[in-house]
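One structure, as structure tokens, below. Some questions next.
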Amino acid sequence: MNNENRNGLAEMNGRVGAAWTSLLERIHVQRGVGRMAFLLIATFAFFAILKPSVFLNPVNLTNIAVAAPEIGLLSLAVMLAMLTGGIDLSVVAIANGTAVTVSSLYTAIAAAQGEAQAEAMTPVIIFAGILVGAALGAINGVLISIVGITPILATLGTMQVFNGLALVWTGGVTISGAPSALTAMGDTAIAGIPVLMIILIVAAAVVALVINRTPIGRKIQLQGANPVASRFSGISARATLMVTYLMSGLLAAIAGLLFLSRNPSASADYGSSYVLLVIVIAVLGGTNPNGGFATVMGVVLATLTLQVLSSGFTAMRLSAYEYAIAQGVILVGVMVLDQVKFTRRRRTKSPNPTEDHTAVVQSNSL
Amino acid sequence: MAQVAQPVLEVRDIVKTYGGVHALNGVSLSLLPGEVHCLAGENGSGKSTLIKIISGVEKPDSGKISISDQERTHLTPSEAIVSGVQVIYQDFSLFPNLSAAENIAMLSELAERRKLSSRTRIREVARRIVEDLGLSIDLDADVATLSVADRQLIAICRALVGEAKVLIMDEPTTALTHTEVDRLFIIVRRLQERGVAVMFVSHKLDEVLQISQRLTVLRNGEVIESGVASDYTGRSIAKAMTGREVNDARLVDAVPEDAPVLLKVSELTREGGFDRVSFELRSGEILGITGLLGSGRSEIAEAIFGINPAQSGTIAVDGEVHRIGSIRDAVKAGIGYVPEDRLTQGLFLDQSIADNMVAASLDSYRSRTGLLDRGRIRTSIAELFARLRIAAPNVAAMVRSLSGGNAQRVVLAKWLDRRPHILILNGPTVGVDIGSKEEILAILREQAAEGIGVIVISDDIPELVSSCHRILIVHEGRVVSELIGDEIDAEKIQLRMAA
Amino acid sequence: MRELMWRLRGANNEGLLVAVILIVVVAMSLASPAFFTANTFFALVRSSMVPLIFALGVLLVMISGGIDVSFPAIAIFAAYTTVKWSMDASFDPGLVVIFVVAMVVGGLLGLLNGVVIARFRLPTLIVTLGTQTIYKGILLTYVGSVYISASDLPASITGADVHLVDIAGGGYLHFMIIPVLLVALLIAWMLKYTVFGRSIFAIGGDTEAARRVGIKVVRTQVWLYVLVGALAAFGGIIYVVLGKNANPQSLVGTELDIIAAVVLGGASIFGGRGSVMGTVLGVVLVQLINNNLVLVGIPSTWQRAAVGLLLIFGVTVQALGAMRARRRPVALAKEVSA
Amino acid sequence: SSVSEGDPATSDAGSGSAGDDGAYVVVVKATGIGWFDRMEVGVDEWASEMSIDARQEGPAEATNEGQVSIIQDLIAQSPVAISVVPNDLAGLESVLQQARDAGIIVVTHEAAGIENADIDIEAFENTAYGAQIMENLAQCMAEEGEYVQFVGRLTNGSHSEWVSGAHDLQTADYPGMTRVEDPIESEENEEVAYNKAKEILAKYPDIKGFQGSAGTDVVGIARAVEEAGKADSVCVMGTSIPSVAGSYLDSGAIDKIFFWDPALAGKAQLAIARILADGGTISEGTDLGVPGYESLVQLDGYDNVYAGNAGVAVDLSNVADYDF
């Protein structure tokens, strides 16, 4: 065999192999998105056919669009933490921290200086709420990145501390009252789409932009993909983790504002059932719990799917426990199916689509 | 071995594909009792895959494996072990959380189908084999705390505990010193006399020639040649592996005296690592640092790159003293580092080539909007991809799919994309085949010619001779000798390393 | 001297934990005269029993490299189903049979976890999160949601209220401590001296390497989850015996506290490391804190925050200890070789 | 445009074709809890007695967000009436307002002070109920000694009212008694109640009384008291139901429990919804035809809160009369 021939062969072989893996990679990339889109449409169609009168009722659709955003934001917050290989159990507690801050500031100002004054100070109050969310996120960041506590434990601790402090602050009483701008936001729709949904979409777009198109976002992904190699590439784990949990805190803070916009009252215990739900959503949406991989779109679709499922179950007059069973079965089922499909694909041979250089670079996340 | 022996192990027409890649494409091979059979081939030619199939770790797509006349389509790892196949894996496959003794004895405990595990028995088994090999390993230490060389020795010990009929060694000597290699070979010969069949994989062709009787060369998953080892020379094996002539003559000379000093290390010290190390590195220079394993050569590099910072002494880059207390300090000072263990320290295996290439230079691509400038990224990636001659269909391929040599080029590209002043490479061609090795060294020479300073930590003497302008020899943490330009030759290095 | 300190600290920082526990004990004794009594001690022992059994299950899974959150659901599922079966059939099979039946049920639920996790190589946290909601949903939808009080429980359960030691003022040592300690010792023994136990460590250290030395990884993992399921069921029945009621709503929700206790006890969340001794200490520390806040006078609104703060404190000490330990062996190795 | 503006129109359109019009739904704090299982018995009975489509729903865990989500889903189904037993009053105002805007009748239970309900029906008045417990406790303690109060959750409104009603009465009428701790949180968990009661017994050896709020509180407390050998000397009283507390009433560790029959409360809620749906009104003295709710009284300070006289106190003498 002459050189040319050998090189040609090797190159061919290499090309085929790499084209295959890049194809695989893209299937992997779109796995979360594709299957969630399918599941969303399937569940929607299922209930729409079984209970069209209830399920396709615009009120129901609006409800889904209004209820999903707060969960979606919290799921995105968890997704970010998972992207670095961590987890954030404290997101709900942070959201409540923001809600309690805003609500108690508002009611305090309203009591002292009148409602009008409190309304006038809305921007300041909301800013304070977001600041609290960011600060709580930063506390997580410090514990995880500087002290070096495993994320699941650090945030388990802070979840209890944040929640406990909110309890101390409110004395256990639900605080009523929130800036009317927030409640108005909860009631308004633009072109038929509730503002809350628009907020989720915008937040998701920003998160997607940050993780895919900014240096820090890429660092977050690399940190999750291989922390040792990131350190050896001069990426500061401290800075990266700090930013991650700060962003997670910010997203949770926005979710907290959404709590208030749906109902102008804040309590230390709101949303306790969300803690595990948002982890389920993040994973269903295609986030790798070991880090390095996630799709924002997948997470948003997973949020909607579970919302549709829950609403469909109520429409079908099924109990909350039957919904819980379905949720568990879907989670485990989707993962198992995924795994079966993935190994089967790995075993069968593939066609060898030749790839255009630049096209792939573009389709890649960079 | 005059009589025609029956093979203890025979594989026929083995095919194994990963996705679309043919890792093995109809490989047949036999192992006779008492022979050392060498498997040679470039990175990714399928050597490890063949070994994994014989040891039951992977299932072949088709083909037959027969051990002691029992023919099967595949085995499980425990079936292989029960049949007398022992393997020293390329990645060692040890348990970092268990003690050295337990790592050594675990396999035999399992093979004997024991239900209970006894500490004294385990310790005894381990001690016996360690003494047999004349090694000194702390048997109670967790493997995680041991050096790479010790781990390799433990992997060897583990494979030698059982009554092997077939011993397979996948690059068993990468981290070993010459004396350790010699001792290993003594044992291999002893086993040979007992009729054990040995399959030996190494990129060190002199070792191959020294130990083996027969030789099979793989290329792209197919057997290219097979024959008696004594018919081959290093050069002819290399030619069979790559399909072309290989050159290892000295290719560089000393750099001019007046080249600007890029790096000045003075009196660098870290307790237990190295002591008052001083040297300079000039623009355009490739400086080799060598010494026995444990001599402190890697520790010096790790200190300069901030992985384990020095306790005293100074490091000046471009005439300016930098306090290097962390990797980030080193990176900011313009130093790049290609680690020894590229899979875990150098690469993001499940990310694309493109993502890996820009991993160290993300901040430099920030556009005015704060977003990454994708156009600029594309251009520089395409440029590096071409310049480093990375063999992959496109930059979106996952790094996991690359062979050792190409993966190493990706690590190089990651640093070159930062335009470093100084590039340190620790074992740049460990586990890289001859063809790729030459190309990587050529790339280093090109980079040096463009004015950066390169430090190569290596114990591969031919590589040092062919490409270094100057060589420092480290012994027990101190620089004991310096060879410049024409003074450099293989024998001198070997002699001074040992002394 | 440093060597001695090193020994005292223990392989998994157990020594450090003992120190933390002592500090807490001293602080609590200073805060309340009622604290340092046999009463408090026996109450601590009693309240640690069920969490300890659960923690041992969590420990096993964690050593193998996973995180299990389904054990409370399995525990209450198995215990409630068994008790309800006995009640519905008006048949009291005796305490031993009740334990056995519940552990078979628990083992079967564990089997499901194990098969899904091991066969399909899925992340344990997520799988058990899913199976947890499934088990709880099935229990409440199809088995029952009725609170079974002492008067309806089988007599062998209510009759199991045997005290080994009784002291004035209500302190007592429940005889269930014997099986609990036996199980703890058995697991410690299994982890140290059986090939199965060592295989769990090996799998947690490096799964692929475990496969290569001939460990039947899938089989070992499946058995492990069966064992952990049975262990959870064991804890569930003890819970019923101690509480003298069977409430299908109980237990679920306590999983994170148990996991925290196990990690406090020095087990690595990444697998391959952990000890029964450390776990016992971790559980004791968490229970010590959880069950003495009223006694030492922490206002009730502050209690949640206090538990969280102490948890963070404990884990911080562990994290710093582990960080130092990671640096230490290098020097140690050097000393040995010198 | 506005979401809530659009609601009435769309829901009208929806209800035209919906097979669900005519439905009455009771949304409880959580399903799978003995108390609300009993309420469901009443709901189902009422449904079959009246031949009306009535059912009960609730979240898997007692959370506000779970109830909000169910009510929102229900609005889309346009039932005639929704009756809610809220986990968090203030947290439900918005969604209940949406329901009313959509033309759905809203009734609540255990929610005095709620604004967005047509009628809130209480089995009794919360502070008076608390006072009733205190009267019994004081009597049992001979009007002197130390006592503590437990709540299921510090965030639970009803529990807070019961304990403050009791505490107010005690400070006013029984100066010989002292409450030694702020209300203690049992996390609705019997085991926690047990452990905290043990701590209390250790810290206050002279403790004479316990008041429980969550249904399992008195059981956990009773166990601790019994083990301390103080079943006779310590008074344990509070809210619970006979099936949960029964065995400790027998043994004497629990002295008296207080409750109202959730089945009857379920029926009362539905009866009110029915009256409103038929265009009737609720006023002082209205008879719902449900035992204990034969003559409603309007509670002071609210315009939509009515209470029955359905409170029951049970001790060993009459526990056999109740089978739930």
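By written order: A, B, C and D. Residues from 1 in each chain.
To be clear about the criterion, contacts are C-beta pairs under 8 Å (C-beta built on N, C-alpha and C of every residue); 3 or more make two chains touch, one makes a residue touch a chain.
Note that the structure is a prediction, hence the values are computed from the model and not measured.
Enquirer: Where the centre means the average of the CA atoms, what chain is farthest from chain A?
Expert: If we average the C-alpha coordinates per chain, B ends up farthest from chain A.
Enquirer: Determine which of the two chain pairs, A-D or B-C, is joined by the larger number of C-beta pairs in contact.
Expert: Taking the two pairs in turn, the one with more contacts turns out to be A-D.
Enquirer: So how far apart, in whole Å, are chain A and chain D when each is placed at the average of its C-alpha atoms?
Expert: Centre-to-centre distance between chain A and chain D: 36 Å.
Enquirer: Suppose each chain is reduced to the average of its Cα coordinates; what separation in Å results between chain B and chain D?
Expert: 71
Enquirer: Between chain B and chain C, what is the separation of their C-alpha centroids in Å?
Expert: Chain B and chain C have C-alpha centres separated by 43 Å.
Enquirer: Could you grab the centroid distance between chain A and chain B? Build each centroid from C-alpha atoms only and quote it in angstrom.
Expert: 41
Enquirer: Which positions in chain C are in touch with at least two other chains?
Expert: In chain C, residues 136-137, 140, 301, 303 touch at least two other chains, as defined above.
Enquirer: Which residues of chain A are in contact with two or more other chains?
Expert: Residues 167, 171-172, 319, 321, 323-324.
Enquirer: Check each residue of chain D and list the ones that touch at least two other chains.
Expert: If we look for residues of chain D contacting two or more partner chains, we find 31-32, 60, 154.
Enquirer: Please list, in label order, each pair of chains that touches.
Expert: Between chains, contact exists in these pairs: A-B, A-C, A-D, B-C, C-D.
Enquirer: Which stretch or stretches of chain A touch chain B in the complex?
Expert: Checking each residue of chain A against chain B gives 1-3, 6-7, 9-11, 13-22, 24-25, 209, 213-215, 218-219, 221-222, 225-226, 228-236, 292-293, 346, 349-350, 352, 354-355, 357-358, 360-366.
Enquirer: Going by the contact rule at the top, pick out the chain D residues touching chain C in the complex.
Expert: Touch list, chain D to chain C: 31-34, 37, 60, 154, 181-185, 189-191, 194-196, 198-203, 205, 216, 219, 223-224, 227-230, 243-248, 250.
Enquirer: Which residues, counting only chain A, touch chain C once they are in their complex?
Expert: Per the stated touch rule, the residues are 89, 143, 147-150, 152-154, 156-165, 167-168, 171-172, 276, 279-280, 283, 289-290, 319, 321-325, 327-329, 331-332, 335-336, 339-340.
Enquirer: Where on chain C does chain B make contact in their complex?
Expert: 192-199, 201-202, 204-206, 208-216, 268, 271-273, 329-334, 336-337
Enquirer: Hey, which residues of chain D end up touching chain A in the complex?
Expert: 1-4, 6-7, 10-11, 14, 17-20, 30-32, 55, 57-61, 63-66, 68-70, 72-78, 88-95, 102, 153-157, 160
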